[in-house]
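Worksheet: the structure to be examined is printed underneath.
For reference, chains read A, B, C and D in written order, and residue numbers begin at 1 within each chain.
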Amino acid sequence: AAEYTIGVSNTVQGNGWREEMICAMRAQALVEEDVTNLIVAHRNTDSAGQLEDLNNLIEAGVDAIVLNPSNPDALNSALEMAMAKGIVVVAVDAGVSAEGAYILSNNQEEYAYLGAKWLFEQVGGKGDIVYMRGIAGVSADTDRDNGFKRALAEYPGIKVVHEVFTGWQQDQGKQQMFDFLATGIPFDGVWTSGIDNVIVDAFVESGAPLVPIVGADNAGFVQYLTEVDGLTGAAVTNPGSVGGAGIALAVDVLNGKAPGSKTVLVDPVLWENASEEGRATIMAAQNPNLDPEWPVSVTVPGWTDYTMEQIIACKGPGDS
Amino acid sequence: MSGIIRKNAWVAGLLALLVVLLVATRMIQPGFGVSGLESIARAALPFVFATTGMAVVVIVGGIDLSVASMMAVCAVTAAVLMERMAGVPAILIVLALGLAMGVINGGLIVATRVPDIVVTLAMLFVWEGVALLILESPGGSTADWLQKSIRGSFLIPGLPNALVIATVCIAVVWLPIRRARLGIAIYATGSDERAAFRSGVAVGRTRIAAYGICGLFSAFGGLSLAALTGIGEPVPGPYLLASVAAVVLGGVVLGGGRGGLLGPIIAVFILRIVRTILTLLAVDPNVTTIIEGTIMVGVVMLGTAATMRGART
Amino acid sequence: MSGTQLLDATGIAKSFGAVRALTEASLHVSEGEIVALMGANGAGKSTFVKIITGALRPDSGTVLIRGREARVGSPAQARRSGLVPVYQEPSLIPDLDVADNLRLTDTPVEPFRRWVEELGIRRLALSDMIGDLPLATLRILDLARALASAPDVLLLDEMTAALPTDLVERVLKVMRQKADEGMGVIYVSHRFGEISELCDRATVLRDGMSVGDLKIEPGVEDRAVELMLGQKLDLAARDIHKTRGTTGDRPRMRVKGVAIAPKVSDISFDLFPGEVLGVVALEGQGQDELFECMAGFMPPRAGSIEVNGVAADFRHPADAIAAGVKFVPGDRADALLAQRSVRENIALPFSARIRAWGGLKLRHERARVAHAIARLQIDTRAQGEVQRLSGGNQQKVTIGRWLATGVDTLLLFDPTRGIDVRTKRQIYPLVRELAEQGASVLFYTSELEEIPLACDRAVVIFNGRVVDIIDAEVADEQTLLRAAYGLVAQEGAA
Amino acid sequence: MSMVVTDPPLVRFGRFLRDNPVIPLVVFLFVLVAVLEIMRPGIVTPFRAGRDGVISTFWLGNLIKFAIPLAMLAACQVLTMLTAGIDLSAGIVATVAAFVCATLSSIWGVGPAVATALLAGLVVGVVNGIGVGLVRVHPLIMTLGTGLIATGVLQVYQRLVINAGSEIPGFLTWLGTGRTLAMPNGLFLFVPFALFIFWLMRFTGFGRLLFALGSNENAAKLSGVRAWQVYVALYALSGVIAALAGLLYLGIIRQTSLSLANPLMLPSVAAAVIGGTSIFGGRGSYAGAIVGALIIRVLDTMLTLMQMPEGARTVLFGLIILAVTAIYVRITGSR
């Protein structure tokens, strides 16, 4: 077997989704027999910091780089240099504009569109919605906003009464929801960008009647969809395990089995608990033992090869 | 006399540490050479500017928590302007903007008599908001030549352009000031404000000038961000804490009056190279965080023990 | 002696919140005239000087410079108008070297150098950091800097308080000489000797008000004191009750062959219970280091210190305090919590030990503090923050702290620095009283006349060595000064 | 010798405000609340009806509930700032404590989990104290460094417990989400805590020493204070307080996260400085910091409810913080 060294670059630390992504990368690298070494650069930083990490990975002589880009356009200088040196570049989760890079991306615009559309249908095409976004000025948030706006345009009866940025922080989101509830201004549904189960808690704790809530497939929220009385909601999948798929793709490319298209979009799926079959899907997907911030979709069928145990162990090649 | 020796000993120690780290990098990765140096210099660029700006205000006895936010404002402004106009006037506008933001910070501190840390904490939010108002999400673009200028090492063979540019910018701004009365006044104000006032220093104006310089360096920092990424990002990067850490590591005393710019700049390179080494060694990223924290604390501890600074409290 | 009037300040008033520092202060000085500004601690002298030189704004009043009304908004402006101060606190920048400090005030270097030498400081490089220089040198540099800018009127606020005798002599000489050349001098001091030697006239302040203008002539002291205090005070020494304590044979503290880098090479003496032992030395003979060493700030390089016959190995002032040795340092800025109240400053040692970290014993504390305040007559009008007290009252607080805790051994480093006559007259008996109650006091003073007044014996230190131990009864200024210049030792050696 | 004159009432009132600097702050808090009530009529009134005539929530209770952990972290800042220090590790310590407690509860049980969480805070605090007090590292660098180290350790730790699940101890949920007489149960923890801090600062020898070290360490040394002892105790206390705040926050948010309490870090510094604590040491008041925490929370609510671009909200937040402190400084004449 070949002996590949793969470099990983990620710019958000301390968030369940990203942690799962890293663990999926490790687990996939472990089961890929051609990968002998995985170098992970994983910290909180901006695009300039990611450039630094990418350059360091190039210096370290990796064969492929799998990155979750902080921005589609900002990293081109390093990515082009990498590809010029024959390094395979795979962007996961979001795309990059550098020519020649493989993109294995969660379709963020679709993610928002799917959930919003379901929500607007759920409230009957007419009503007041709370729109809880992520971090202002960050690419992923902008993509999702585009999807949300697209759905909004299709439902003229829907009005956004509150729009707020949670900063993708649990405490912020919960506190903001308390504030909205306190104003007494009624609303009919909540769309969240993944800060979801604390929103349900806010309703329950303040004794307010629940309204339909859209969240992500985080373990905590998915469990709430099965448990909480009177909660109608939907989880849109946004698998962190796409990172594992990225490793698999990189190895394929290194082994000369490059796919036809450079861009592979992993389209999200929506699980709702309003219908019988939806509930069945959710029951099958949920995993109460998982860290509540982790997405329950721990594998990407057709791409990843590791087992549940392996991703939870979170060990890569060379880790003891 | 001993003060000068103490100061220089600190900088010399840092320099020695930097050399040791460079040698270590070379040993870990025999291929590490000009291109590696070049990429470190480039990565260090925004940190260098943030740190020099911070160092100047710390020397005057203040602190500026809004550096990273001001850098974001400058970066997005540069990216927006360069879509519309030529690069050079855009750069001049950005530099003027940085200076203006710094002067506003300083002016507010002097006018309201609210402590530096509070004013700049508030301005951290203000400038961050301004950046978002200028550009809602990452975008814009920067002139091609600007992006190219900080790459490679064609200006002086072997010396990374980024390093040359940083040196020139800092030298052009700081050296004349340091030599002039304003430089002395900045140190005097930071060292003992009352004595400075009694010695005829216009304390308020000196302070405003120092914050203005910090704003100017933030503008350089913002420009370097725009040059690195080719776009403008309205979200402040991790430059605040990093610059405070580098300033203190570099031997500038929080509280003012003591230290120079060379030490903090060397400290920036030390912190950057440590990260490179950890990546080259493929250290677990979580352990990397632990090691970075330990090094930061450890170096200051060792330095304190070795030179017995702070003996005069 | 009446040239043109250089400065005429009338009706100056200034309040700090509820405290009226000045109510109606006036002062004038003419060419070639040296005017003493006198007043008890807290009378408002420093405030007056600060107002004239633009460091503070007056609430009301007028300042005329050469007969024309002047608005002096800042010290820089004052300097340009020819009014140059030397404030009570050093005003040089600690983190700059001498040269940069000069540039800051646009002071020409050559005249400065000349004045520094003239004033008796020899080893000074322009590259020396101010923060590394001793207090006395700083005072001289402050003065030299002022002189170098060739002022019309020089204002000296207790310039000599921190100076040893030899340097004081130089300063007085230079002042006299400059006055003869036509400069006007306003001279703030609590030392009658200096005033009668130097000044032509004295303006007396009491509670912020000008209460009189005196011509300096023999016997004027009593009148001045009466004006300053609003009451009569006997200046003679006879009311100081002096009985040699029950010495016994065992010294309380024994200093044996102590050497401290870099200045002290060999110092030995015994300090007995019930005795006040004076220390006489010129500037920089090692007395600072000796006191700091005895107080636990630094260990001796050689030799030993014993307390009650037990070797004392002080590693921290806390060790010294535990052994009953308490220290009042020379620089009050070192000893005070500037922003805290008088009470907290005095009560500080009560909380020092971990055992005392719990709840405060407020009643006990209040009583002790009140006692100390009363005993030292501290003017507590501005007691909320010690930094608002006048210089002299701040000094008293540093002593009051140890009166409140009670003392075995007290190390006083120039405790009467900047303290007015009346308070001095209170401090000598106080020291005697402590001795009578069995305490031992080591008493360094820069004013030699205090030695016979307060002490039983005096150790004279020159060049890091004890050159003589003199009985206070015979210790007149002449004798002490000769010894302090090391003349005794040389004769003895020859 | 009595020169203290009686002044006109206005001057005396000014002085009264200066001596009781919390009062203008409280006034400002009420002004903000009034503005909020005008913006959203009815929000402050405790019982109010939603669309279906159902009581929706108690805004005041929520305000206090979320202000409590912030005020507790602000205590870390006030205490350390008294000595001219700062504790930048407090937010991370709180996060660590919450995470450790939630994950260990399902493995070891609640008691040991809570004890371990507090112990983690103590350990970080003691390390800070040793660094600051014995090795004399600047507190800003020391606590920044230990904060980084703690973050790294937490990340390593979380990988060991990914599938351990998490459990929020019942009493924390009760403290965090329960109400008694419309007031959050968190007050049962906070009121004694605040009283303890007041007592500590005003009426204990330890409190005196904090002020003393902040105004002049040399003077404290001269009086026999061994500064390192105070620093070690101080930072250890700060670490434990931060851990306690983290536990309470866990009860409030009922969700573990690797960055749970980190967003409270800057606001806790802001609350302390708005409340009149000087970062240069020697001056500070905990009552002020509590009001500061409330002000920040009210501002948060106001801005959350305003419909405007995020950038404008952020600008406004900064400007209001600046305005509050500027007015405050003007009234109290202190810096």
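Details
Everything below uses one rule, namely that a contact is a pair of C-beta atoms (placed from the backbone, for glycine too) under 8 Å apart; a residue touches a chain by one contact, two chains touch by 3 or more.
Just so it is clear, the structure is predicted and the values come from calculations on it, not from any experiment.
In summary, the chains found to touch both chain B and chain C are D.
The greatest centre-to-centre distance from chain A, using averaged C-alpha positions, is reached by C. Two chain pairs, C-D and B-D, are weighed by contacting C-beta pairs, with B-D ahead. Centres computed as Cα averages put chain C at a distance of 45 Å from chain D. Chain geometry summary: the mean Cα position of chain A and that of chain C are 72 Å apart. Inter-chain centre distance (chain B to chain D, centres taken as mean C-alpha positions): 30 Å.
Look at where the CA atoms of chain A average out and do the same for chain D: the two points lie 33 Å apart. Each of residues 13, 136-137 in chain A touches at least two other chains. With touch defined as above, chain C holds no residue shared between interfaces to two or more other chains.
Those residues of chain B in touch with two or more other chains are numbered 131-132, 136, 234, 284-286, 288-289. Chains touching one another form the pairs A-B, A-D, B-C, B-D, C-D. Listed in rising order, the residues of chain A touching chain B in the complex are 13, 22, 37-49, 51-53, 55-61, 71, 73-77, 135-139, 141-142, 318-319. In the complex of the two chains, the chain D residues touching chain A come out as 40, 42-43, 48-52, 54-59, 62, 66, 151, 155, 158-159, 161-166, 177, 249, 252-264, 300-301, 304-305, 307, 310-311.
Residues of chain B touching chain D in their complex: 108, 112-115, 117-119, 121-134, 136, 234, 241, 244-245, 248-249, 254-255, 284-294, 296-297, 300-301, 304-305, 310, 313.
Residues 1-4, 181, 184-185, 187-188, 190-192, 194-202, 257-258, 312 of chain B are the ones that touch chain C when the two sit in their complex.
Residues of chain D that touch chain C in their complex: 1, 3-5, 7, 15, 199, 203-206, 208-209, 211-212, 215-216, 218-226, 229, 233, 282-283.
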